[in-house]
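Just below is one structure, and these are the notes that go with it.
A, B and C are the chain letters, set down in written order, and residue numbers restart from 1 in every chain.
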Amino acid sequence: MNNSDLKNLIKKQKPNYTLDQAFYVDNDIFELDIKNIFSKQWVFVGHSSRIPNFGDYFLFNIGNESIIIIRDEKNTIHAHYNVCRHRGSHICLENEGNKKLLTCPYHAWSYNLDGSIKSARLMNEGFNKEDWNLHKCNLKIFEGLIFINLSENPNNFDEFISPTRKFIEFHGLAEAKIAHRELYPTEGNWKLTLDNFHECYHCQPSHPEYCSVHDKDYILAYGAGSNTGPSSKKFNKMLENWNLEVKKMGHVTGEYTETEFNDYSRSAERTPLKEGKYNETKSGKPISKLMGKFKNYDRGYTSVGTSPFNSLLMCNDFATLFTFIPVSTLHTQVELMWLVHKDAKEGKDYDLEEIKWMWDVTTIADKRIIEDNQKGVLSKKYVPGPLSKMEKGLEKFKTWYLKHLDIAIS
Amino acid sequence: MNNSDLKNLIKKQKPNYTLDQAFYVDNDIFELDIKNIFSKQWVFVGHSSRIPNFGDYFLFNIGNESIIIIRDEKNTIHAHYNVCRHRGSHICLENEGNKKLLTCPYHAWSYNLDGSIKSARLMNEGFNKEDWNLHKCNLKIFEGLIFINLSENPNNFDEFISPTRKFIEFHGLAEAKIAHRELYPTEGNWKLTLDNFHECYHCQPSHPEYCSVHDKDYILAYGAGSNTGPSSKKFNKMLENWNLEVKKMGHVTGEYTETEFNDYSRSAERTPLKEGKYNETKSGKPISKLMGKFKNYDRGYTSVGTSPFNSLLMCNDFATLFTFIPVSTLHTQVELMWLVHKDAKEGKDYDLEEIKWMWDVTTIADKRIIEDNQKGVLSKKYVPGPLSKMEKGLEKFKTWYLKHLDIAIS
Amino acid sequence: MNNSDLKNLIKKQKPNYTLDQAFYVDNDIFELDIKNIFSKQWVFVGHSSRIPNFGDYFLFNIGNESIIIIRDEKNTIHAHYNVCRHRGSHICLENEGNKKLLTCPYHAWSYNLDGSIKSARLMNEGFNKEDWNLHKCNLKIFEGLIFINLSENPNNFDEFISPTRKFIEFHGLAEAKIAHRELYPTEGNWKLTLDNFHECYHCQPSHPEYCSVHDKDYILAYGAGSNTGPSSKKFNKMLENWNLEVKKMGHVTGEYTETEFNDYSRSAERTPLKEGKYNETKSGKPISKLMGKFKNYDRGYTSVGTSPFNSLLMCNDFATLFTFIPVSTLHTQVELMWLVHKDAKEGKDYDLEEIKWMWDVTTIADKRIIEDNQKGVLSKKYVPGPLSKMEKGLEKFKTWYLKHLDIAIS
């Protein structure tokens, strides 16, 4: 498909309908998506507690790319492309480990942990070492979250994080640790994967566990974020009362949504959990050490989207973080990371199974749902279908996506 | 390959030679085959006894398409594309089962078994339910055989079935049941798979079991149908005598072949089995209840081809039905279905192993043969080879195929 | 990529740098490589001792091609494409075996072992048997080595083998037998696989076993052949002394490299092993019967490259032979064959494990190295890197390759 055909196709997309098939199955569009959407966003791919010591590293892999995230002797974390500047070999072969020096296993070129080249034996005249440092990847650490950006000209990080900053900071993620990580490889296009995450219309038929934790009216009106469903007077009243109460406790309240089109697709809000629930567990009872600035439980739930590729769903005593990675046209990697207070001890302060329960079972269900959705979308009979009142979040995401793509190819 | 190149290639094909490599390996030609050949034929994909009760269904899958074949409360069988009209999810996830209502597992849109939409929650203004029924697939039930047609403008079914009707009806398939089904996934282009089925030149070297059941002269002259090999005076005499005898019994006799080019590629004939054989089993002895209008065994064998994609090979007391499904350029699904009288009881009236034996072992051999044929046809050294006197059926199929393709791209 | 783009890309390649990414990952370039490089070379694919008796055969498979190498009743070895001239089926289905007649398993067309057709049943008028012999593949046996050439106009074999002849002949491979064969399927482009074999810059970091057998100064200067590294006065002195000594014994000495561009990429040289070593084993002690014209051990090592796709690394009492087969863009088959004197008995005259040891462990390491190299080369951040003083062999191979490709597409 050439750019002019694609521009026409973009123009043809109707409000409040799903996208045409091509957007979910075409390899050329996928390449454009990676280049123009994914590669321009700040995406968090881990938490600094995963690599606590000098030399600790892990790899972030996406398609043909592999990024080394490593902590140096001065406690600074770096991100480098895992490509030796000599003949191109991968340097780190294991998904995680510890290295005090990045030595390529092929010909032993070595690099300092900041990516600067240290040694290359027997080079020809005219070889300038300083020209051959590792390719850097943009990286920022914010509250322990490791953000990378694959763009050559990344957006300003402070501008990017500014509207969600206070919500994240209140939860003290910098003082957290990873309780568990889990991968849910999903055979579906990244947009079908995110469509699923941008609406809670499917929650009632598909996610009994989620519905046992969250209030029916919350799900209706706020299930995929503020203003993603029909407004509920009942829930608005609940929210109003809760806001008053929580403000008195000195806790953060309120919400953020993008009001005009820009490079970002961010959102944040704090809302009360279902009556009687303190967090997203089966019992709903307090389960671990309070995190961040919480002195007392406020029964609140903080939902933050920093980009389409990341979500933070945070209770007072633990947080579930999502990373969605487009791997290929029909494959998306979904990674979940559960964070608890760094001093909380498993078995003593918290039970991992209780913390994992809801989002683990829900993400397993979503994986199946997305895969069955993709199968149908591949049919020649698939045509865009009409969206419901509970799919406003999906519509918003779709609009943002189409505008970005349109601008990128103009 | 553009249409003009393909037209030239079609013109280049020589009578009594196999096709050029491209027809067996090219992805573009495969897409054209599906669109112009397979999708325009009435193809049976099952027997109504597979879904005897209200709500019983099975899926027919081909490539990216999945069709739900389901029986409703009024005993009518329907075929629908397995694609929810909302966001496109598959609705039925299991290959077979029972559903009283077609509820999409994603957002719970529901459809009646006739495909009409029943409910969709919380839709926006302007949503007209009646616009969102399931996509229907053309379907006809004939003698219990479930025929579908993927065309938007299917040929008239009565016209299509007319010449083979009496042969099929005599066997009483409407009063039959499935004794066994088996899949033989074959790594070969669908035309190599059908080439194999359209000649019995390979029977003698490759199929000892088949040759133990059928007369040598029958195999020579009729192995792949009437007039597919050199004529045999000996067999013509046998046939003449048998016809007289069988007519007296009031059984159907005769044969049908297409005499001029048309949309169809149908054939039918009744012939005698090898001396002393009553059916296609190892012993050749009567093995189950007589089917259809047979009052006594007539030692006859009814061979019907309704299209290149289906064959019915019928003895007096059981029938073996073939469905050939082009899945991708180098992959064909072959399904066999053995039918017996609906009142015949396994273990008492028939032994499944005896009934299955010949075509099971023969189809396993054919799978291997076709796969080794495909491997050689992929070689740069493959060039069309000369056909023998026993490959007239293959030549006929090839000619029909090339004409159809030529017309379709004109 | 069209030819004019490719010519520009070829022109852009810089001396003493690795190639651009496309040469290692592009499917079109791979097809050109097969057609213009691999298919024009004489490549040995086995040793005649693998098929000692009338009717013995083995298959040489590459991509979609399968070649039957078979010995006939007059003791002549033939190479035929494994494609029946009738409908194209593979004729030999097993990787090796014994056949007194090549009978196609499909329709029983049969061929003599020299490829001439023997019988085809029931053919139509006008069928001339002599037109339907098997497609021959060019074949030469030299010193027991079975060379094939996939070209329609192969180069003259005697011209091709002339400069390496004396080195190979001295080792008496015609009087040898296969002690062991092993395949090392490698997920990397064939040029990355050969790059690895054309330099010993990686030997010190990656191959401790190799470095225990060979002298440090030999590795530096000669590790990938004569003049592939910086010259070493110390090793030159060793070589000079050893040459004098060995000449006295009447053994072959000297070296060959291509001095001007031609169709071939051949090399040969004899050099001394590390002090105290008699061969490439862990102990370095004599291990089997002396081969060929050796009367006494001379501690020499003969390294011969007949083309980029074959290497012969020969000690006095055994030889390790390499065949590199480009299978697809990202896949190369590497086959090793260890030869010993035909009268040497395993367990008595030699211990297979000792003979295999060094190149088995080294090729397993190279497989891993090449695969990790390929992964990095697939990254968007891969750019050609600078070569060291020890990678002159790689540079020479690269230059030869680029010139050939450039000429082929001109």
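Convention: a residue touches a chain if its C-beta (ideal position, glycine included) is under 8 Å from a C-beta of that chain, and two chains touch if they have at least 3 such contacts.
Computed from a predicted model, the values in this text were never measured in an experiment.
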Seminar exercise, completed: Leaving out subunit B while keeping all other chains fixed gives the grouping one piece
Exercise. Subunit C and subunit A are one sequence twice: same or different residues at the contact, by the over-half rule?
Worked result: different
Exercise. What is the distance, in whole Å, between the centres of subunit A and subunit C, each centre taken as the mean of its C-alpha atoms?
Worked result: 49
Problem set entry | Sites on subunit C at which at least two other chains make contact | none
Problem set entry | Footprint of subunit B on subunit A - complex, ascending | 16, 18, 195, 201-202, 204-206, 230, 369, 372-373, 375-382, 385-390
For this session: Give every residue of subunit C touching subunit B within the complex, in rising order.
Result: 64-66, 81-91, 93, 105-108, 120-124, 127, 132, 135
